[in-house]
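I've put the structures underneath this note.
In the two assemblies presented below, subunit A is common to both, partnered first by subunit B and then by subunit C.
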Partner chain A sequence: MSRSQLGTGSLVVAALAVGQALNDRLPDSSDASRLFERPVAIGETVELRTGDLTPRSVEGATSILRSIGSSIRSPGLAVVVSFDFVSRQVSSSIRYGELRDGSGRVTVFGPSGDRNEVTCSGGPVGIVVHCTAVVEADPETLPGSVLGLAGDELDPRFDDMAVIDLDITAADVRAWQESEELEVDVYEVAGL
Partner chain B sequence: MLGWIAGRSLRQIVLAVGAVILLASGAFGGLRQAEPDQRGALTLGEPRDAAPVRLTVKGVYWADDLGEAIGPSDFGRYLLVIADVSSGHDASLDSFVVRETLRLNRLDQLAKNTLSRVPVRSEDADPQVIVTDDRVRLAELGPGLTYEVAFIWEQQISEPLPTSIELQTWSHQFRQSSLDDQENWFGRSPDATGRFAVTKFGAS
Partner chain C sequence: MTGHGVRTWWRRERVAILLLPVVLVAAVAASSSRIDTYWWQKGFHEQASRDATGVAMIDDEYDDGFLRYPIRAKVSVVTAQVVTELPDADRPLRVPAGAELWEVKLRWSADPDVSLTGCKVALVDDRERRFDATRSSFEAGTTVPLQACVPDEAPGPQPTYGSTKAPAVASGEVARPASWQTRVYIVTPEDAEPTAVRVWWLLPRYAELPLD
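Up next, the complex of A and B:
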């Protein structure tokens, strides 16, 4: 093997090594595109890119009746989170939800799930809309759950996500398991 | 042949052997450990793990009309499988994963899905998946929850009513999409099959 062949081979190996080192050090694409999580507690307000979100209440039951007439009966518990949203620059919606339960398991849902559903279509800029998120969950791992809410259900990457501490206790879960059917107002513009 | 080999250098022989191994193994997925064949029998009342769904077939039925919420079939008749489903995955499953877990085999003239009413072979027909307790569609299968559901297909009435049906479960693999960086349960592969008697829904 000639010296020039040896040199060429060494350059190729060096280029591959540099490429591998760069690949190892650059952030993974799923990590780089993760949502910007904005923690918030019930009753507080968090500023998202598109507007202000205020979680109002957390309830639960084994069955719910929505104000639009449909009802679900859950083999676990249906958790209902009421929140207010005010669009800032343009009319915006909250269409993505994910419940992370106390054991780290995740349920992802959107605006048209029939059972799990976040209902928060864009209201006029500056006007409060009353929204709800309904998600079914395993009662055993509900304590310690948080709910993530973000704008786009199809591609929420790179955007803000409100992460709501639901503050659910084992006593809450027991009470919800024995409760009556819960009636849920799914969506309402304040003042209308 | 031996003379030709004897005339080659050691480097050429090593390269030739390597190329043969690469080409021969590549046709069967390379030199990775092959997954054992998991196909088996699907039986009534026995849980079956078709990754990532655990499914237990509880009955196979036909009906003209499913009453409140669903109504009569405008295509012909309903064929339905009542089953319990749950998930072993730590994240909720999209509806397509549950829908693709169960298929009917060797039947004809089924509606492709609820949107496209084109008649197709049963292997290509997507069922609706409805929770029996409240008759609401199962859009996500959440972790830790077990639902009794009806897998519902529609078949044209011109086809003879089957007295038994072969069901097949399909398992999925969790991997990255070949088109973008999203990860999901792509790539179906056949799992277990079983033949079940068909009775009229609600006749018992």
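Up next, the complex of A and C:
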């Protein structure tokens, strides 16, 4: 084997080693494409890529009646998170929700579920719209839950997600289990 | 490697070295389809020309691989102003909190045989915000025109999606005139200062009509 051939072979081996090292150290695609999580507490405002989101309240009940007429009677609890959203550059929606409960389970839902549903269609840019997310859960798992809200339910990758600390206590859960039917204003443009 | 050896190597590899930039350009071009699909076709990138009087000439085409027809029209702005009531309103105007309603009047001309179904109209402001015309953004009763770009009473040829049949005027409807005006209503925040009206059918083509 000539010196030239030996050098070429060494370069190929070195290139393969560098490639393998890079592959081991770079995040895999699911990790690299994860959402950018923006923590926010009730009453605070978080800036997402498409607009500003402000969680307003967290309520729960075994039975809810939506303003559009449909109702849910749950063997567990239906949690209702009310929030405001203001589109920034173009009319944008919040169509992706995920409840991460206290036991580590994740319930993903979108804008058109039978029971779990986030309702926040794009309002006029710069105008407040009142939105809701409704999700059923096992009452025992609710303390310690957080709710994630993002724009696109089909492909939320790479985008911002508001992560709301729901601050639900065991006392809240007990009170909700004994509460009356909860009436929910699903969605409205502020002032209309 | 000696100086003679280096010169020999450059001489032997000169064709390959000269071809390297060509190969690089070819490699970038070969992987550029996503730029077209996910960026160029999704944004406002091909603005229609305007003449000295502010009339934009829209020349677009609907093509879903099955149905294909041209979209050609001339459009200009007649007026754009904030309004507090609508003509012949059958109920009081209500706009969202912190908002106002703009009335944009557009003048159109087009061949009556051309389908102009599905256009969109928006205002854009100096902060590059886009305010789309959406009838659900305010309440004003039944006097708000349904169509933004064609007369409600004579919208002209309508396409039949899923069919290769050319767009045709619905039975019982009259042909669209050669020129007409439309009224479009757009909600903006009170602090918005619109700088142009934007009209489009299929991106990336659009018309931008500056406001005085």
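In this section, the second predicted complex is superposed on the first by the 172 of 192 C-alpha atoms of A that agree within 3 Å, B and C clash if a C-alpha of one lies under 4 Å from a C-alpha of the other, contacts with A are read in each partner's own complex, and residues count from 1 in each chain.
Just so we're on the same page, a contact is a pair of C-beta atoms (placed from the backbone, for glycine too) under 8 Å apart; a residue touches a chain by one contact, two chains touch by 3 or more.
Here the structure is a predicted model, which means the values were calculated and not measured.
Counting the residues of subunit A touched by each of subunit B and subunit C gives the higher count for B. Once the two complexes are overlaid on the shared chain, A:V189 sits against subunit C while remaining clear of subunit B. Using the contact criterion defined above for the overlaid structures, shared-chain residue A:V106 touches subunit B, although it does not reach subunit C.
Look at A:S2: by the touch rule set out above, it reaches neither subunit B nor subunit C.
By the touch criterion stated above, A:Q89 is placed in contact with subunit C alone, subunit B being left untouched. Of the two partner chains placed by superposition, A:N23 touches none, neither subunit B nor subunit C.
Against subunit B, the residues of subunit A that register as touching in their complex are 29-30, 33, 63, 70-76, 101, 104-109, 112-116, 135-138, 140-141.
The touching residues of subunit A, counted against subunit C in their complex, run 88-91, 123-128, 189-192. On the subunit C side of its complex with subunit A, the touching residues are 94-99, 128-132, 134, 137-139, 187-189, 191-192. By the touch criterion given at the top, residues 90-92, 131, 133-134, 136-140, 142-147, 181, 183 of subunit B touch subunit A in their complex.
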